[in-house]
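Structures given as structure tokens follow.
Note that chain A is present in both complexes that follow, paired respectively with chain B and with chain C.
Showing the complex of A and B:
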């Protein structure tokens, strides 16, 4: 019986894996040489939850009905929900395989809490509230894992710390445990399809990028953590080698990330900008740097507001839609176009043009379900993040509002394949929506 | 004695009958109900050995399965029966015979079933190696008034199973069916804080 084993490395970056550190990653390099590899084009926005869900279902974020981690529940100003597995209603690869009587193991593939009943085993990912939660299906798997591996580590416990040695230690601990669990499951349980996601590389990029990228504005040559990135990638490569050694010859292998990463130049304070341009009005002046939610907004005089993160979501205040909407539906497109044009022309703090892209949901998705943002903004080709807080007295900042962060997400991730399909050599660009069908072709 | 029923899954080969029946049976067992699972692989071996696939033989097979299901059901055992059972008349006959009968039409376009071809039978039927194969050279008569219709080409197994369980609760065969729940308010707060700390927003 043919099998497929999928190694998900959240955020693994093609320029590091395929180029800069390729010689130091013998196992990944061998897979590339014996099979094929390409640049995996992620979702818009290239964000963990919609990206993995798109990869395993073939549906884009609009079809799935979730556009990021947080989504609007309704058209009020403050009701947002965090995506969980029940919001993921599309068929995933394991559903298709169950129809063919095949067994799957899915570990840590977001969004997977609460774990779904599948024909096989599902262990939820980093959005699991705690190790006390019921994170496994069937439920007894949790007990088995705890007996063998101790408390399950879903994520690093304290990410925003300046004690980088401590953070690095947590990263190794988390990934070590994850790979050991995978190794045990792949040997002890029945499966036709196995997929797992490790979050370590994503956390590494956000916490350590400035130490190893000479182009990062805060890079200091010769810093003691200069090799932290390479060493961690080498560690992951070794762990992959251990897994490969346990796979039978009839198993095809995919190594894939949900998006890549790049240095973060700084942040664009989107709400500051909206205030300056007259789209957003507050009832009082913020004292210091505060989140927009903590300010009283003069909704009757506000046309748009936005959320921060690795990308920006801009929402319009529309009459008859939002509780105190001001934009008449007839002007909606005009204002949206105006905003798109203006946001795309925001420069960096030195007046240089940056490649900001602003998307209308209906232009990038095949279908729209639930409530998307009115505009999705990727600042400066993703070298800039979106800062939602206000009180910076500038629209640019080089200090992140939520603590130290060195990297932003990049649009392309990795896709490496070795197996029975005719996918050899440089595969060029692979769309994330097509990966489900590539996986399904094996069965 | 608890009030049990026979849950009869009918549909084309590879439409997903056994998949859903297995899940429903598992849930019922976990809830403490007595459950027996009947399907073609078992009954054609022990109950209807020697019967073929002509209309008469198919009807006889279903009649015998219906008889067993009736005995179990009236003794408080839930029966999940997953059979192509292509003919309406015999399905209606056993419905009357059993009484507590929940018909689940497992609907799926034949093209999708051919693609799945769980047992490789479509391939053989299309090559002409086997005759009287439902969906290829033998008809399938859709139920006119099934209690539940699941559409397995569009729904996840979880959704289809949810439809069946909801109907069982609605008809009073089981005490309750609570839909799986996402985050509690407290859990959502924990996750929101973590995401914020990670820089996602």
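Showing the complex of A and C:
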């Protein structure tokens, strides 16, 4: 019986795995040499939840109807929903396999809370509220895991701490447990298809990138955490080696990430910019740095507002669509084009051009479901993040106001394959939407 | 009544046998048929329940801490 085993490393970066640290990662290197590898082109935006969902379903974010972690519920100003597994209605690889009477184990593949009833086992991912939640299907798996491995670690408990040694310790603990659980499940349970995602590398990048990337603006040569990145990748490689040792020869293997990572130069305060350009008007005067939601907006004089994160979503205030819309539908395209052009020409704080890309959803997705942002903005080729808060008195910030900002996501992730398909050597670029079919070809 | 044979792990069989001791079930088969009928009758193996508000709030907080939201 043929099997497929998929190792998901959230955020694993091709330039580190394929080049910089390749010699130090013997197991990944061996898979690359014996099989093939490519640069996996992620979704727009390259963000964890839509990306993994696209990978396992073959549907893009527009078809899935979710565009990021948070999505508009309706056209009001404040109703947003955070994606969970119930919003993920498309057929995933395990649903296709169920039709062929094949068993799957899916562990930590977002969005997977609450866990779905599949033909096999599903354990939910990092968006599980807590270890007390019912995170496994069938439910008794939770009890089995707790008896053997203690409380399940879904994510690092406290990410925004200055105590980096402590954070690093948490990362090792989480991944160690995750790989041990996988090792146990792969031996003890029946499966034809096994896929799991470990979040450790993503958290490492966001928390430690500046310590190991000499090009990062905050890099200090010889800092005590300079080897933190390499050591962690080596640890993950060792753990992968342990899994490989437990797989039979007729098992094909994929190692994949949902997107890559790169150094973060800083943040662009998109709402500050919209205010300066006259698109957004506030009723309040922010005292210090506050979230836009905390400030009253003068909707009758506002054409656009935005939210931040690793990329920006810009929303237009359209007459007949939003409650206090001002842009007449006939002007919608004109204003959207004007905004796109202006946002693309925002420079860095020194006046240098940066490669900002602004996308209209209907141009990047095959279909549009639910409510997409009017514009999707990836600042400065993703070397810049988007900051939605206001009160900076500047369009640019290098401060860590909302979260760890050492690294941003990059458009390409890794894809390594060793198995029965004819995928050998340098595979060039692989689209994330095509991975589901590659997986399905094994059965 | 037409019947088919279904195989279950021996250990599970023994556990069920133990479980139904001194209950109304006369055999493991009886018990299994009863439980399965119950599930089939409810007809909603695939129905998912929503997530409670406090869980959604916990998820939102986590996302903010991680820097996904601002």
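Keep in mind that, in the parts below, the second predicted complex is superposed on the first by the 441 of 443 C-alpha atoms of A that agree within 3 Å, B and C clash if a C-alpha of one lies under 4 Å from a C-alpha of the other, contacts with A are read in each partner's own complex, and residues count from 1 in each chain.
The definition used in the following text is that a contact is a pair of C-beta atoms (placed from the backbone, for glycine too) under 8 Å apart; a residue touches a chain by one contact, two chains touch by 3 or more.
Remember, it's a predicted structure, so these values are computed and weren't measured experimentally.
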Query raised in the report: Should the pairing of chain B and chain C on chain A count as a clash or a fit in the superposition?
Result: clash
Query raised in the report: Looking at the overlay, what does A:91 touch: chain B (first), chain C (second), both, or neither?
Result: first
Query raised in the report: With the two structures laid over each other on chain A, which partner does A:127 touch: chain B (first), chain C (second), both, or neither?
Result: both
Query raised in the report: Given the touch rule stated above, what does A:99 touch, chain B (first), chain C (second), both, or neither?
Result: first
Query raised in the report: For A:389, is the partner it touches chain B (first), chain C (second), both, or none of the two (neither)?
Result: second
Requested in this report: Please indicate which partner A:168 is in contact with in the superposed arrangement: first for chain B, second for chain C, both, or neither.
Outcome: neither
Requested in this report: Considering only touches as defined above, state whether A:255 meets chain B (first), chain C (second), both or neither.
Outcome: neither
**Report entry** First (chain B), second (chain C), both or neither touched by A:119
**Finding:** first
Report task. Could you tell me which stretches of chain A are touched by chain B in one complex and by chain C in the other? Result -> 47-48, 69-70, 82, 84-86, 113-114, 116-117, 126-127, 129-130, 133, 155, 158-160, 203, 206, 307-310, 388, 402-403, 405
Query raised in the report: For chain A, which residues count as touching chain B in their complex?
Result: 47-48, 68-70, 81-82, 84-87, 89-92, 95, 98-101, 113-114, 116-119, 126-127, 129-130, 133, 155, 158-160, 203, 206, 307-310, 388, 400, 402-403, 405
Report summary line: Residue positions on chain C within touch of chain A in the complex are 45-46, 48-51, 54-56, 58-60, 62-70
Query - chain A to chain C touching residues, read off their complex - result: 47-48, 69-70, 82, 84-86, 113-114, 116-117, 126-127, 129-130, 133, 155, 158-160, 203, 206, 291, 307-310, 386-389, 401-405
Query - Touching residues on chain B, where the partner in the complex is chain A - result: 14, 16, 18-19, 23, 116, 118, 152, 155-159, 161, 180-183, 186-188, 190-192, 194-201
